[in-house]
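Just below sit the structures, each encoded as structure tokens.
The same subunit A turns up in both complexes below, where it pairs with subunit B and then with subunit C.
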Partner chain A sequence: MADDKDVLRDVWFGRIPTCFTLNQDEVTEREAEPYYLLLPRVSYLTLVTDKVKKHFLKVMKQEDMEEMWFEYEGTPLKWHYPIGVLFDLHASNTVLPWSITVHFKNFPDRDLLRCPSHSVIEAHFMSSIKEADALKHKSQVVNDMQKKDHKQLWMGLQNDKFDQFWAMNRKLMEYPTEEGGFRYIPFRIYQTMSDRPFIQKLFRPVSPEGNTHTLGSLLKEMYPAAIPNEGQQKRYQVVIHGIEPLLETPLQWLSEHLSHPDNFLHICIVRRLDEPPSPSCLLVFPTVTSAP
Partner chain B sequence: MAALTVKPFAVIAESAGQAERSSRVLAPMGGGRSLETWKRHIVRQLKDRDLSQHLKYQDLFRFYTRLLEKTSLAKGMLSCSVRHPSTNSSTISSLLHQNNQLQKTMGELAYQVVELQHQIKIKESVLEEQHTRLGEQERQFTGVFYACQELQEQVEQVQGENKELKREYDAVLERQRGAETRLREEKVREGHLLEDMILLKKQAAARLNCRNERRSRARDANLQKQLQGAARSKVTVNIESSSSARTSGSTSLKKENQDQDSTERRHTRLFRSASATSPRILTSIRELFDRKRRGHSVCSLEEDLMCPVRICLSARVPARALQMLDAHEQGINAVRFSSSSDMVATGGTDRVIKLWEVRTGSLTHKATLDGSTEGITCIEFDPTGYKILAASYDKSALLWQRDDSVPKLTLTGHSRKVTAARFSSSPHQVVTGSADRTVRLWDLHRAACVQEVEVASFCSDLVCCANCIISGHYDSKIRIWDSRAASCVQELPAQGKVTSLDLSTDHRKLLSCCRDDCLQLVDLRMWSNDRMCFRAEGFKCGSDSTKAVISPDSCFLAAGSADGSIYIWNASTSSLEARLPDKHSSSISAVSWSLSGEYVVSVDKSRRAVLWSDI
Partner chain C sequence: MSSCVLDKETFRHCCQLLLQLSEQLGDCWCWVPVQDSQDGYLRKTALRLVTIDSRPFGDQAESSSELGPHNSCLSGPDVQQNDQDQSALIGSANGDIIRGDIEDQDNKDNRDGDDGEDRICRMCEGSSQVLQYEYHILFSCSYRAPVLYFRVCTLEGRSLSLEEVWGSIHPNFRLCLQTSPFTMVTQQEHPLLGQAFFMLHPCRTEDFMRPLLQAAQDQNRPVNYVLTWLSMVGPVVGLDVSLKYSTQF
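On to the complex of A and B.
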């Protein structure tokens, strides 16, 4: 159990070293120094980048400032995904520190939501928690909470207070022992390869026969491609919080311990970098090589 | 070639797959170990992640941020200094302004520094004070500690002493027990001895009786013999001799009897003294006490015996005030000489009776009798002068011994104020008259009312002579009652409300004082309406209870007037004998003439008492 508590702690205090550089196109009075920051994995970009904004303000004129947005290698970063998800999804195999470009102009309204204030983040965060609890307990737990309890959850996240957050979040992670888990596991499976932003379906932690569902069984149903076939090289990494749990890890335990503060289990499926060429590639490759 | 290169890879992949499969198979079987595996895997991976992503960069980033801040600061300063020469005119003023501001802030800061130093000083002084207080407290504590130790030592010492005492006490107790058992033994022995002694005494008494009887029988026989002898002898007819002989014989006989009696008495006394240890002596002592106690009762035999009859031959008309004094704290209602003329009692509204000794023409305060809860209306001495009877506004009559300030008896029963209380002619009886229109007869032995007579009117005063009670009323009537039958014998009319009655010492004449400013003298022997009236110019009856008196030789009448003068009339001529003015300032309420005829005392409503005499 002590291990479980350590896992929670490690998940909470996970950090990503990030280097913010100003976009070349921005009009500056003088050269902007890059800004380095350790971003908490479980938080949101717009919640922790006030310092960044302040830093770049020094070299810019007030009138040139519009809403700040971030971009990594041409991909606008959605602030409403947790930072850890963004990193795992887009930059899991990059060289650290993670280099993010900061923009103050040309806000990509097609790709990003605007975030005028922290209350917007709070609303998004709370709605995620409520959605997750609707899946887990038919919203019973979150509805029994008082306004101040909700506030405590949010303030815990905002001020990076682990104990404050988990004192309340513990209730959301309880379940009746006779059922062996939540009603449904709140999860989202992200991938860069498709147009769908993520996969989210109803999935129970225990099968109708009474067997415990594992990460593997979830993926088998939701994204069979992620599971390497017999004798095949692994093509995809299944990354949660920057790590790859074993496929036999029970899903219920994962949901309890590796969920983000919004109570969702965010699973990223990333193509392996040292992936050997895919079968099709293999087929193509020799042809290419044989061509000359 | 490609196949070759691929083959080992595939083998490795297969072996990895097998390993994975085997672990997957293991999962449901050996739950504990496999559970550990995936969890350990996660923990380890998290640690690795943190190491590579977090810890490595942590310090670097911190230093970088600090450097960044420094450089920006430096840059700012640099830009300031750089800008200075370029834009001279505009920036000088701004610089001056800045300088001013800086100076101002410096001043403020200096002031703050001073203030803070001051605060520090204050804090230090407070600290010092607290230190000293702490030291003091510690000193006190050590003092208290020592005191505590001392006390504990004392406690131990006292406990030791207590133990010692307890031991001693136990020893004493033991000794006492021994002594008690010895005492008991002694008592038993004493009882035995006593019994033996009594037996011996009884035997001795029986012997004595036996001897006495024998002796008396012998004497009887002797006498018989002598008588027979005498009868046989011839009698000479000589009366003288025979009578003398007889007397001599009788005297001798008497003597013999006396002798015998004395011997007998001696014997009995002997017997008594011998049995002094018997419980009879206790009873005799108790009897002694009983008699003594009875002696204290209200009507003891001795007191009743001492009843002197005093007669005055000639009263002297007072002419001069010997003494004036404010005898009470409030108005005086009553005054009375004792029958031995050496004592005067005054009673007033201030609820006490004061006794005054009359000696060589002055009054000396002797005693104060209290016990009444309201004012005193009337006082009387009994013939012996030892008991004082008073009537009171508190609906009771009270009886005192002269030497005791606490009332001996309180006679309660009247429903309104008692106006008059007199000793009756029969011993141990008292008569009272009250405003509740009753006259009551009280028995002093029982301290109870024995007779109650209802009268038509308010009784203001009464006097008693042999077997009759004479009462004066507000309905202008004087009634004479037979005290045995409790019936009205006669009614005498008066001119107005009767305020007081007085009887001459020979019980022949009755003086009444009325509200119509007239005194009446009636000869009781005449049973007629024949009477003498006494009036005087200026005489005015002051109140409903003004008391007038007859002189002890029945030659004069005295009464006090509302104008503060005393008027004295000659009883036989009904002319005014004397008028004594100017000593009283208010209405005189009562006058008393001493039985010796020597003094008159008058009292008034303004606390004053005056002693008059002729010298």
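On to the complex of A and C.
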């Protein structure tokens, strides 16, 4: 793998221009200016918003500030999803910058996980990596790693160090050539149309007959509505990292290159608006050539 | 090897058996199906008398020996709580109490403007309180194992924080918590409901189930994976499984 290092870099350095506005019900001493940040798609909201908190601290009393949380158009944003997933899922058709509302009161306990410190994010991140490796390698790779190796993955993400992260992460992306891929592909399919937050099942990169599974074959099994029937108009967009990969893209390749640092391939299904997506955001990825 | 992990069908089968026993024993497990899918989970609610120890990582681990055995949830449908379909288990006064000082939780828990509420919810020093536990058993396809999710709130409806949950864990299990709290109990999104729950981490489940299943296999003894597993992990968070599940049938 990793012949496509440019793709890994593009994924890692994806950014979303964001405008943070203080919720108008917060008690302030004077008017709060909005705060602008370029958010890394692969990171977590609570990991990169210390500056946002500091900014609003200037106009608020400490005692009026409880745990900070974020909302977009009435939806509390789950910090434990990667930022890019939150944007694709809730705001992919919005104009930029993405406008997020910041709250310091009325934490929605039922909907959001608490995030009192970065160690909570680290635990969540490592738990995702472990789960992904349970699917990919029966946990063998992650269990063979030392504590400092785990730390290296986390520090790489926390400090936005691509090389540091990938020096270790590539071990998690290896597989025996003869098997043609991981045991199972760690993926999650998100949509906002039902209460169930995501779909996650067992799915292999190669069919029992030896055919390469593609993004299309995954969707066909997990979320058939996302694939338009012939002649039918497309109702949904299938978005990963802000782009719509071709449905013919091999799943194993997507898993290796378009997974988030937590090692899961996060796929968002969003209702399509009337206008077609601009061609510039449709990248072309390798497609399956006929099976050897 | 293959007998040490669980598949979805076996999980459902084990759950069905557990439900039958639960009904006969007057325990209150129920199956909650998830809309538009085959999936679902086992659910049970219980009331427990608990003292929250504010220093779960402190020096009180050694004091565990002074405590009586962890026991005595008075189970039974006769103790009903306001919600009709919810069962109630009340821990006896000497059952689940954990020694230790209680931190003033006030500053953390002042969530909204209703300060009157918050005063009442506040953990006061030296006292224990009745908490409402909601337990869910789900199947994890990644770990091919059952996973215990739960949430806890006061009778006034205030959710407990992770620290408070850590503080409520029985001293017998504290040692593990002290060394690596985050690998044991963390807050996680409920994968079927999308809500915030606490979770007992499943990544070691296969390891501790293997010898048990192996032994059962060697002795040609049938074993209900979910029940056996639950009897091991449940007590960590106050969910005791009656011996009758194994002895009466």
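Throughout what follows, the second predicted complex is superposed on the first by the 271 of 292 C-alpha atoms of A that agree within 3 Å, B and C clash if a C-alpha of one lies under 4 Å from a C-alpha of the other, contacts with A are read in each partner's own complex, and residues count from 1 in each chain.
Methods note: a residue touches a chain if its C-beta (ideal position, glycine included) is under 8 Å from a C-beta of that chain, and two chains touch if they have at least 3 such contacts.
Please read all numbers here as calculations on a predicted model, not as lab measurements.
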item	value
Fit or clash - subunit C, subunit B, common subunit A	fit
Contacts of A:Pro82 with subunit B and subunit C, given as first, second, both or neither	neither
Contacts of A:Asp10 with subunit B and subunit C, given as first, second, both or neither	first
Partner chain in contact with A:Gln233 - subunit B first, subunit C second, else both or neither	first
Touching partner for A:Gly181 - first (subunit B), second (subunit C), both, neither	neither
Touched partner set for A:Leu202, first subunit B, second subunit C, both or neither	second
First (subunit B), second (subunit C), both or neither touched by A:Tyr35	first
Subunit B versus subunit C as contact partner of A:Lys58, first or second or both or neither	first
Which superposed partner A:His241 touches (first subunit B, second subunit C, both, neither)	first
Distance in angstrom between the closest Cα atoms of subunit C and subunit B, superposition on A	28
Residues of subunit A at both interfaces, subunit B in one complex, subunit C in the other	none
Residues on subunit B engaged by subunit A in the complex (per definition of touch)	2, 9-10, 13-14, 17, 20, 23-24, 27-28, 34, 37-39, 41-43, 45-50, 52-54, 56-58, 60-61, 64-65, 68, 71-72
Subunit A contact footprint on subunit C (complex, rising order)	34-37, 110-113, 141-143, 159, 161-162, 182-183, 186-189, 191-196, 201, 203
Of subunit A, residues touching subunit C in the complex	66, 78, 80, 105-107, 109-114, 116, 119-120, 122-124, 127, 130-132, 134-135, 139, 186, 194-198, 200-202
Touch list for subunit A against partner subunit B, complex	3, 6-7, 10-11, 13-17, 33, 35-38, 55, 58, 96-97, 211, 214, 216, 228, 230-233, 241-250, 253, 258, 286
